[in-house]
Structures are given as C-alpha cells and as structure tokens.
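Got a structure for you, questions after.
We just call them A, B, C and D in the order they show up, numbering each chain from 1.
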Amino acid sequence: MQGPDLSVAAFLLLSALTLGGGGGVIFSGNIVYSALSLMVSFLGVAGLYVMLEADFVAGVQVLVYVGGVLVLTLFAVMLTHRIEDIKVSNRDVGKLPGLAAALAMFAGLIAALEVAPWKLPAEGVAHEAFASTQSIGNALLGRYVLPFEVASIVLLSVLVGAVVLSRKEVAEPRVSDDA
Amino acid sequence: MDHILTYMTFIPLAGMAVILCMPRGATKAIRLTALGFTIPPLLMAVWLFANFDRTTEAMQFMERAQWIPSFNIQYIMGVDGLSVTMILLTALLCPICILASWNIEKGVKGYFALFLLLDAGMTGVFCALDFFLFYIFWEVMLLPMYFLIGIWGGERREYAAIKFFLYTLAGSVLMMIAMLALYFYNEPHTFDMLVLMDNAGTYSRTFQTWTWLALFIGFAIKIPAFPFHTWLPDAHVEAPTAISVILAGVLLKMGTYGILRFCYPMLPLATQDMAFWALAALGTWNIVYGALCAMAQTDMKKLVAYSSISHMGYVMLGMATMTVQGINGAVLQMFNHGTITAMLFLLVGVVYDRAHHRRIDGFGGLASVMPVYTGIMVIAFFAAMGLPGLSAFISEVLVLLGAWQYSPALAIVAASAVVLTAGYMLWMLQRVWLGPVNEEYASMPDVNAREIVMLAPLAVIVIVLGVYPHAVLDLINTSLTAINNTVLSAVPPLASLPLDVLP
Amino acid sequence: MPEALGLQHFLLVGAALFCMGLYCVLTRRNAIGILMGVELVLNAANVNYIAFSRYGVGGVDGQVFSIFVIMLAAAEAAIGLAIVLGIYRRSGSIDVSQMTSLRG
Amino acid sequence: MVDPHHAAEVAVHSSQLLRWIPFIPLLGAAVNFLLGTRIQSRAGRGGVAAVAIGSSLASFVLVVISFFSLLAFDEHSRLVIDTVAPWIHIGSLNVDIGFQFDPLSAVMTLVITGIGSLIHIYSYGYMDDEPAAWRFFALLNLFMFAMLTLVLGDSLLLMFVGWEGVGLCSWALIGFWHQDHVNTTAGNKAFIVNRIGDFGFVLGVFLLFWSLDSAGQATVVFRELPALVGGLDGMLLWGVPVVTLITLFLFVGATGKSAQIPLFVWLPDAMAGPTPVSALIHAATMVTAGVYMIGRLSFLFAMAPATLEVVAIIAAATAFFAATIGIAQNDIKKVLAYSTVSQLGYMFIAMGVGAWAAGIFHLVTHAFFKACLFLGSGSVIHAMHHEQDMRRMGGLRHYMPRTFWTFLIATVAIAGVPGTAGFFSKDEILWNAYLHSPALWFMGFLSAGITAFYMFRLVFMTFYGECRADEHTREHLHESSGWMTWPLVILAVGSLFAGFLGVPAALGGSNAFAHFLEPVVGHMEHSGHHSLALEYGLMAASVGIAGLGILLAWLIYVKKVFSAESLARIGGGWPHRVFLNKYYVDELYGATVLRGTMGLSTLFAWFDRTVVDGVVNGSAYVTRIGATLSGVFDFRVVDGLVNLTADAIHAFGGVVRRVQTGSLNTYLYVIVVVVAAVLFAGTWK
C-alpha cells in the first residue's frame, strides 16, 4: 500500500477517469463515442476496484465489461445503424427534467450518505487484507453455491434467449438491412 | 397417521395437479378423478373422528415446522374440538358437491381443478394454527370461489362474483390488519396462534377492542351478519348448486369459526365488552331479519339464502351467551346448518337441473310427481324448522336455552323466529311441492341414484344427530368449555389497571 | 492507522456515477444509449459493493455480490441488445419514444 | 339422577318393555314409509294396513301388560322408568331418552293405543279407494309414536319432541290430500298456530330450567321436578313470581295444542283432513296434550294460583264461545270440531280449578264419545260421497242404522244424559267449578245446554226427516262395512259405560279413577263444606238444561215448531251471522297478525334490497343504478356500496391508466422522483 498522499492522488485520478468516462457517455452525441467513453469509465472503475483490494473483481470487470459487454454494444450499434446516420441517432430528449431528476437523486443520495449509520468495524480494529480470489472462490462454492448454480442457469437461458431473439426470421421483410 | 392434517389439506391439491395434467376432453375421467381425490380426506376425517381425544382441550395431531424463519412464520397445523367438527363437515360436503357438479358441462377441467383448490383452502383454514398460514389459506379459498361463481354461475354471475370478491376482500384486509397488529404487539413477534392465545392476558383493553373490531368485521362479512350480508343472496342465486352448498355449508361457518378461534381466546376482554351488541343483539336481529326477508322471496335459492342468514344468527347468539349450553349449541348449529342448508340447496338444485328455473310460483304439485324427492325434502325442511328429533332442534334449543340465561328478552325475540321459519318454509313447501300438479312438469323424473347418494347421507346425519347429538357434542364440549372459560375469567392486564390498586 | 480515504469517498463516486447513468437512461431516446446508462448504474452499484467489502464488516460478500452483478449485467446486455435488434427488425427504429405499444 | 330424598319415597321400577310402546308404531311407520309402495303393489292396501294395525295393536297389548303390572305395585310406587340412551348432557342440562309409566301415562297410553287401534282399523274401511294408503298408514303410525312419546317421555324436552312430532303428523295428515290447496293451507295454519304455542312452551321450559338452576339444581326431568320446584317459591322475574310466568308460558303452549282461546282457530280448519285423522288427532288424542301437560305438571300449576285463574277463565270462555259457534255451523265436521274445542274448554276448567283427575277423566270419556262421533260422521260422509253439508243430508237412519245408533249413543253421552260417560265426567267438572266459583259453573252450565242443543240439532238434521241428498247419492246410500262399524260399536259401548270408572261418592261410587290418578296429580282441597243436597241440585240443573237443549232441538228440527230460519233472524240476524262467522276471529287474525307479519316481511325485504345502504350511497347513485336495472324493486341499494366501490376503482383506474403511458421514460421519472423523495424523507432530521 502506498502512502496516504499517493493513494489519494490515485483515487482522484481514477475517479476522474470514471466520471469523465461517464460524462462522455451521457453527453456525446455520437453513439460510437459514447461506447468508447463507456470503456474509459469501466477501466476507471476497474482501477478503483484495485484500490479497494478487489483485484479479482477488477479482472472480471475488465474481461467481462470491457471485453464482452462493450464489444457487444458496439456490435449492436453497428447492426442497427446505417453507417452514414450514426451521428443523428443518438439524440437526447428532455435534458432539463432529466438533469433535475438526476440532481435531485444525487442530492438525496448525498443526504443519505451523510446520515446513514454505516456498519463499520469498531474503532482501532485494523483492516485485515485477505486473499480475495481465494475467498471469493470459497464463498462461491460454499455459502453462495446455490445462487452460483442459479446464475449458471440464468446465463444458459440468456444464451438461448439471445439466440432465439436475434435469430433472423426468413419471412421478415426488413431483414434485408445492410448489416 | 402422522401428518394427517397435512395430507387432508394437500391431497385435494395433488388432485388439482393431476386434473390439470389431464386432457381437456376427458370429462368423465376428470369427474372421477376429482371424486377420487375427495374420498381420502373423507376417510381421514372419519379416522380423525374415531381417534380424536374428546377429553382434552389441547390441540391434537399437531404438526410444526419452520416456514419463513426471518418473520417467524411457521407451518403449524392442529385441531381441537371446534376445528375437527368443521373439518368433518368440509370433508363430508366436498365429495357430495362433486357429485352435485356431475352435470357441469362447461370447462369441466377448470371447474374441478378450482374446486379441489377450494377444498384444500377450506381444510387448510380449519387446520392452520399459524395466523399467517391461516390467512394464506383464507385467501387461497377466495380466488377459486370467485372464478367458480364468475364463470359457472347464472345470468348475473359476474356481478355476483365481483360483489362476493370485494366484500370478502374488504374483510380480508381488516383481518390482515388485525393479524399484523397481533404480530407486532407480541414480543418476540409471532404468528403462532397458540402463543397469541397464551399471551391474551397481556393485551390492553384498548388494543383488544380495536383488534376485535377489525377481526369481527372481517368475520361478520363471512357469516354474514346484518349490514354486510347482501353479497350472500346474490352469490347464492348465481352460483352453481355445488358452490352454493359449499358457500352455505362451509364458508359461512368460517366467520363464526374465526370469531371463536381468534376473538374469543385471543381477545377475551374485548369479547366481554362487545358480545352483547356485536354478537347477541346483532345475532338476534339476524335471526328475525333473515326470517322476515326470506318470507318475501320469490326465488327458492334466495329464500334458502336468507334462511341461512337467519340460522347463522343462532350461532352468533349462542356464542355470545357464554354459557356452556349456548356455545355448544352454537357450534352444533354450525354443523347442523352445514348439513341442512346443504340439503336444501341440493334439493333446489335438483329441480333447477330439471326445470331450469327456481321461481317459487313456477311449480306446484311436485309431491305427486316426485314422491321420493319430496320425502327427502320434507326431512330437510322440517329439520330447518328445528323439528324435535332432527338435528337442528338440539342446537337451537341449546342456543335459546343459553340465550335465556343471558337475556330473556333476546331469547324471546329469537325464539319467536321459530314461528316465522315455519311460516316461510311451509309456504314454500306448499307452493312448490303441494297443490295441483303443474302440467308443465308432470313428467319430471324423480331423483336418480346419484342424487340419492348425495342426499341420503345428509338426511341420515340430520336424523342421527337429532337422536344422538353427542356424536358432535362430545367432540366440541371440552374445547368450547375451555374457550368459554378463557373469556369468562379474563381480567385486564396489570399494566392497564390504575396504579392505586397495585400493592 | 487512520486512513486518508474512507468509505464515503468511494460512495460519493458511486453516487455520482449512478446519477450519470440515471440521467443517461432518462434522456436517451436510443435504446442502446439507455442500455449504456444501465451499465453505468450497475457499475455504480458495484463500486459501492466493493467499497463496503473493503471498509465494512461484510468481508468477501460484497465482492461476491459484485460478481453476480457483473454476471447479471452481462446477461442483461446480451438479452437487452438482442431485444433491441429484434425491435429494430420489426419497426426499423430503436427510438424508445416511439415504442409505446404498452400504453394503457 | 333421582333426588335421593324423592327416591326414598317412591320405589322406581324399571322395565325395558316400556320403550317398545312408542317404538313399535315407529317401526311400523318406518316400514310403511320405506317399503310401503312396494308392499301396496304386491299385497294391496291390506298389506300396509296390516303393518299399521298390527303395530298399533301390539303397542296396545304392551300398554295393557304394563298397566296391569303397574296395578300390581303399591299405590305409591307406581312408577316404571325405562332409560333408553343418553340424549343431551351439556353443563347442567342432563336429559336422557327415557320413558316413564305411571297412572297418568297409563291412562293416556290406554286411550291413545286403544282408541288409536280402533281408528286404524276403521281407516282400513274408510280409505278403501285411496291409492296412497301406505302414506296414510305410515303417518298414522308415526303419529302414534309421537303421541306416545309425548305422554311417556320422562322429561319436558322429550315431551316436547312428541309435542312437535304430533304437530308434524297433524300437518301431514290434514294436508293428506295435498293436491288441493285448501287442505294444505289448513295444514300450514295448524302447524304455524301450533308453533306459536310451542314458542310459549319452550320459553316456559327455559324459564323453569334456569330458575331451578339458580335455586340449586336444574332439571327438566319430571320425576325429579316435584322435589325441586319448592325452591322456586318467592322467586320473581319482571316483578312476577316465576312460577306464574313459567306456567303461563306453558299454558300458551297448551292453548295452541289444545285449541283454546286465542289459538283455537286452527282446529276447525283442520277438519280438511280425512275423518279418521280428525277422530284420532283432532278429537281423541293430540288436542288433549295440553290437558295432559297440565296434569303432568299439576304440582307446578298448583303453586301458581294466578295462572290457574287465567286457565279457568280462558277455558270457560272457550267452552262457551265454541259452543255458540257450533249452533250455526252446517258442516257436520265443523260442528264436531267446535264441540271439541268446547269440550276441551271443560277439561281446562277442571285443570283451572285444580280438579286434575276430573279433567283427565273428562279427557278419557270425551275420547270415547268424540271419536265415536267423528267416526260416525266419517261413515256418513263416506256414504254420502264426501258430502259434509248437513243441509243435504237427512233421514239417514233408515239407510245406515248401525251408524245411526252408535252416533246417537255418543250424542247422548256428550249431552250429559244421566248414566252415560259424559254425565259423570261433566258433572264432576261442574261440581268442582262450582266449588271454585259459581260464575265459572254458570258458564259451564250454559255451555252444557248449548252442547245438548247443537249436538241433537246435528243428529236430527242428519238422521231424521226427509233425505235431501240428490238422486245419485241416494241410490248409493248404504251402511258402511264392518271395518268401519265395529269400531263404532266398541266406542259407543265405551261412551255408555266409561263413566262408571269414576262414579262420584255422592252417587254411591268410589271414584276409582280419581284415586288411581291421585298419586301423580295430587288433589287440591277446597275450603268449606258443601252439602250433598247442593251437589244433587247442581246435577239436576245440568241434566235439566241438557234436556231443555234436546227438547229445543227436537221442536225445531223434527217438529218444525219454529223454523230455523226465523231463529236465525233473531236480533236482526247479527247473532247468527256472528256465530256463523266464528266471531270473525279468523278475519281479525288475518287483518292483524297475518297481515302485519306479511307487511313486515315485505317491508324488510324491500328495505334489504333498497334502503340498507341508501344513506351511504346517496340518492344520485340510487337513481343511476335504478336506471340501469329493470324494475323499481331492483334498486338494490345495499348492493350500492359494493357497486360504488367497483365504480370508484374503475374510475380510479381510468385516471391511473393514463400513467401507464407505455413510455419507459415516464415510468423512470416516477421511480426516480419517488426514490428521491423517500431518501429525503428518510434523512430528514
């Protein structure tokens, strides 16, 4: 672990990366840029995970989100848009009410954050680092084995479901897109 | 026979699953399956009757398991004399009702599946000893009833079904409020009815009063007591015969069962305070009001429905008296009314099946056309009138005897209804069954074997209980005496007494 | 050892990220854009989980939960995008403001 | 559960035989109900009749055996009990299905089974063309069972079983020819009016039970009662001694069953039933149940002099008014019916003055001559092809001599001609009435004269003079078969000689009947001493007025010295109209009680459908529903609340469904706003 100053600096940097990426996602008019900003944000989050001693999750984050979800998203973007009109298809509506709602929510969250009685370890108890990968493995095959198995079923059905949903139907008239 | 109550409750549910797997067209097989799945509970009920320990008021055949531990909800089943009587009635009426539904042609599969669900719900209600479980069964029962009336009913079935549903739902909501109140009042929170009863001494008078009122209105709708009764005639008129039988035979009893199971042992102080107006006076009013309304009806089923209102008034009056005779008479009356009204509805159903209407002035002289039918019918009618030697006499005499001790004035008013009852029953008897033969129905066939099979057991029970009422009285006496004593001996919890009376 | 960084800091980042995702979901008309917003929201939740796991008393549980969240996010993305494709094939557009067949 | 003190006095015998006295007729009824149609189609009417008559006779034989075994016991231990099974044991209420046989039950059962058997036999002749004979005989047997339960039951509750059971059989037998609404209406009237009486009866039982309960030990068992009722002395309810209230309630029951004012109206209508039924139920047995009940509870009534006054006054009034109505009736059975009401009044006079044994004695003699009269009239009606109007009869003594002679004997007996049964029993009552109050005696005395008059009017109109029947009927006039006439002969013999059971001391007899009953009903001593001369004088007076009545009837209806029409015009004709229309009591009840109840019922039904929730719903809603439903009566306001709820939910749904825009954005906004609000609310300090 680095000294306090360094860790603060790292935190600030990663937060900026995360939130900046987020800002890019929401404000970019071009959906491809949005997708790329999303990637930046994900990477920032992964960095935060590392700072929080959750290196396994950080790895998963990079692999699944950056490698999987994002690529998927980009595929979808490509499949649903003619290349030439990519730019116009990422319009926003009702920015002001949305902003108001989001800010209201943010304020609410801040307020909750201030007053919530977080369940923290007692004063003076030192934080113990633990081998996160091993613990997660034990937890997944121990206490959480049932949700773990259920998750596998969920994934299987997602697999099947996605195939069924995106399967091209022969009789579909609009299928002849230049995807 | 461990877990007998669980079996009794869930065998019909299994039957429902089986029926759902059967092809839609196999109507005969579906009917037989439905019948087949109501017979084991009946046999188990007989076994229960034989093996029930009549000397203790403790719950018997208890089963207990954790269900939702985080809310301390348990699966508790058990019976005492009060509930075992009602279970007997349910188990008896269900096969009979399946037989009475033999002529249903529309949506046979759905009908019998729902019916078995209803059966499971009803049995569950009487077995459950966890308030939450009770509530679940209570609601489980409501839904099939709604569909059974709403789909297989008469002309205004949807109106009747919705009315039934809304009324009952309103009752359920109040009951749920009371349930939660009891749950949170107890520390640790619990739905265990035995614990709720044991802690009855700690509930303050105010708490008891409000909880009592919520529960009472919930149950009064089911009974149905006076201002909440109007769903009943409509539901009865529109419901198919078998459903009317279940409605009058079992569902109405749940109201009074609930009062005896919850209000009495859990809220004894409030019971003491409320019994006169909410039970005794209202019950007496029910008796007279129902009888007078019945007298003016032109539809046979409606007449029987109003007579139910009248007869259930005896139950309310009897339990309110808090005498041993009154409370025993009340529960005996619940059982007797279950069998007698079931007979009456079945009998009305028999002519309705043949003539497709139920207008009292639309018949005449059926006695000449259908002698066997008329013979059974006379038994049912005179039983409903409380003729000595038939079952209802015993219960009515016990109720009125108790009522006299409680308040002679109420007893006199209530007893005067025997004249009114004789009036409307005989009047209907005369117009439908006696007199010159109505040519239109001169060739109506007499009851067939199936109808005799469903009517004869009830007729036999009506006669046997008139001569040997202790078949039921022995079952209920110990438990009811205990419940009665709980109420009579209840004193306010110490905390609510004024400080100066404390040592 | 007093730490310079506390739970609150990370939660603050999470909250901000959450609100961005929320704003995205609220304002985008493009279905894919909305899905991206959802991903942001889920990430915000994950940040919280991991932060709780580090600073709170739950131990490894938070991390396990975040794994599940990631799993669900992946599943959601796959299905969501497949649906988007389906809708696109059916209506030629993925503008959510035109998808109102659920109107009561 | 016999009170030990009481048990020491009376040695209780027990016999399993007793239960079969009521059970055999029940068995007969069951056989005929369940298998009657089959028996009748195989063995004919004789088969079912054999079952019925056989079981009735078997029961009679058992009664006779029991009677003689009873006589063998010491005078004060004449009580046989037979407890069959436990019945109701709840709290302090302990009742068994049990029977008891003592001198009072013995007398009653002898009458019921003896005369009952004769009537069974008679019925076989009378119902010779009845296709549903099995039902008739089954019901007769069932009636026997119920009536025997009434008199043998060892508790008030079991007595009540019989009490209502006979009501049921009466209902079914009055409406036996149920295709005619007149008959079934009469049956319903009988049952419902009786129910009013029963209502009083049960209240009396309840009051007795709870009063005894508060006095120490509650019971409704007859043999335990005498020792316990002493505890009721001085007890008050509503400012009235409870004993008075109890006995008054019970007496209401008696007025219903025994057709006294004000509940007598059902009995004349009950004549719609077949004549053997009228004889058995509405003359000899069932209607005397009230008398029996008072006799059974004489110790209780003796404690309530106020009630006895009421009983005596009502009884005397009934005897007199019913007799006057009898003068004007033209239906042969109606005359007999009013005569029955009147004679029952005599019995109640006896009960009211505490002459229990005399009342029961009259019950017995009345059973003989009134059964004979009814059966005789049945014989006439049978011969006349169900013609009951005396104005179309006449001269029948030539066609049916045996019927005539037996009828005449019974008429002589009811008129109280010295030496006949009616003379002894009626004079016993009148003598006791005089001892109590001369006014009471005078009412009875007048009634005796009127009775003699209208009974002989009946005889003269029916059997003397020219036959006024039409040609066809006259051709077929014939004496009835032996099945019908032999019972008549036996009953006529009884009417002549039954009186010698209780010849009073004044006439050199020993009044064996009263002595036999005394251990049960006790004896009420009258203060003061009256001379024999007075007793003889009173006897002579009543014989005299009876003779006067007979003479008057003879002058009017045989000699035609005065025409009946001119008599009817006396006083502007209104007395005759009043008598003919039975003092308009039916009309009065119809206009008040019946109309009132029906009106109340209609009102309540209307109220139920229209008003119950009208206040809640408001008139606007009523109008709206009213427009959509067909008739005015479909206003159904009670339903309104429910419908209103449904409508409200629908309207609410109409608003709420706008929220369901289908736009995900809108949903989200709602969610966000709500969550934010919750957050703020939750964190607000």
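FYI, a contact is a pair of C-beta atoms (placed from the backbone, for glycine too) under 8 Å apart; a residue touches a chain by one contact, two chains touch by 3 or more.
Quick caveat, the model's predicted, so the values are computed rather than measured.
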Between B-D and A-D, the pair with more C-beta contacts: B-D
Centre distance in Å when subunit A and subunit D are each reduced to the mean of their C-alpha atoms: 94
Whole-Å gap separating subunit A and subunit B, where each centre is the average of the chain's CA atoms: 59
Centre-to-centre distance between subunit C and subunit B (centres being mean Cα positions), rounded to whole Å: 54
Chain centre separation in whole Å, for subunit D relative to subunit B (CA means): 36
In subunit C, residues with contacts to at least two other chains: 22, 26, 97
Multi-partner residues of subunit A (at least 2 other chains): 93-94, 97, 101-102, 105, 109
Residues of subunit D engaged with two or more neighbouring chains: 665, 669, 672
Pairs of chains satisfying the touch condition: A-C, A-D, B-D, C-D
Residues of subunit A defined as touching subunit D within the complex: 93-94, 97, 101-102, 104-105, 107-109, 111-112, 114-116
Contacting residues of subunit A [partner subunit C, same complex]: 4-5, 7-8, 11, 15, 18-19, 22-23, 25-26, 31, 34-35, 38, 41-42, 45, 48-49, 51-54, 56-57, 60-61, 64-65, 68-69, 72-73, 75-77, 79-80, 89-95, 97-99, 101-103, 105-106, 109-110, 113, 118-121, 126-127, 130, 132, 135-136, 138-140, 144, 147, 151, 154-155, 158-159, 161-162, 165-166, 169, 172, 174-175, 177
Footprint of subunit D on subunit C - complex, ascending: 22, 25-26, 34, 96-97, 99-104
Subunit A-facing residues of subunit C, complex: 1, 3-5, 7-13, 15-24, 26-30, 32-33, 35-37, 39-40, 43, 46-47, 50-51, 53-57, 59-61, 63-64, 66-68, 70-75, 77-79, 81-86, 88-90, 92, 94-95, 97
Contacting residues of subunit D [partner subunit C, same complex]: 657-665, 668-669, 672
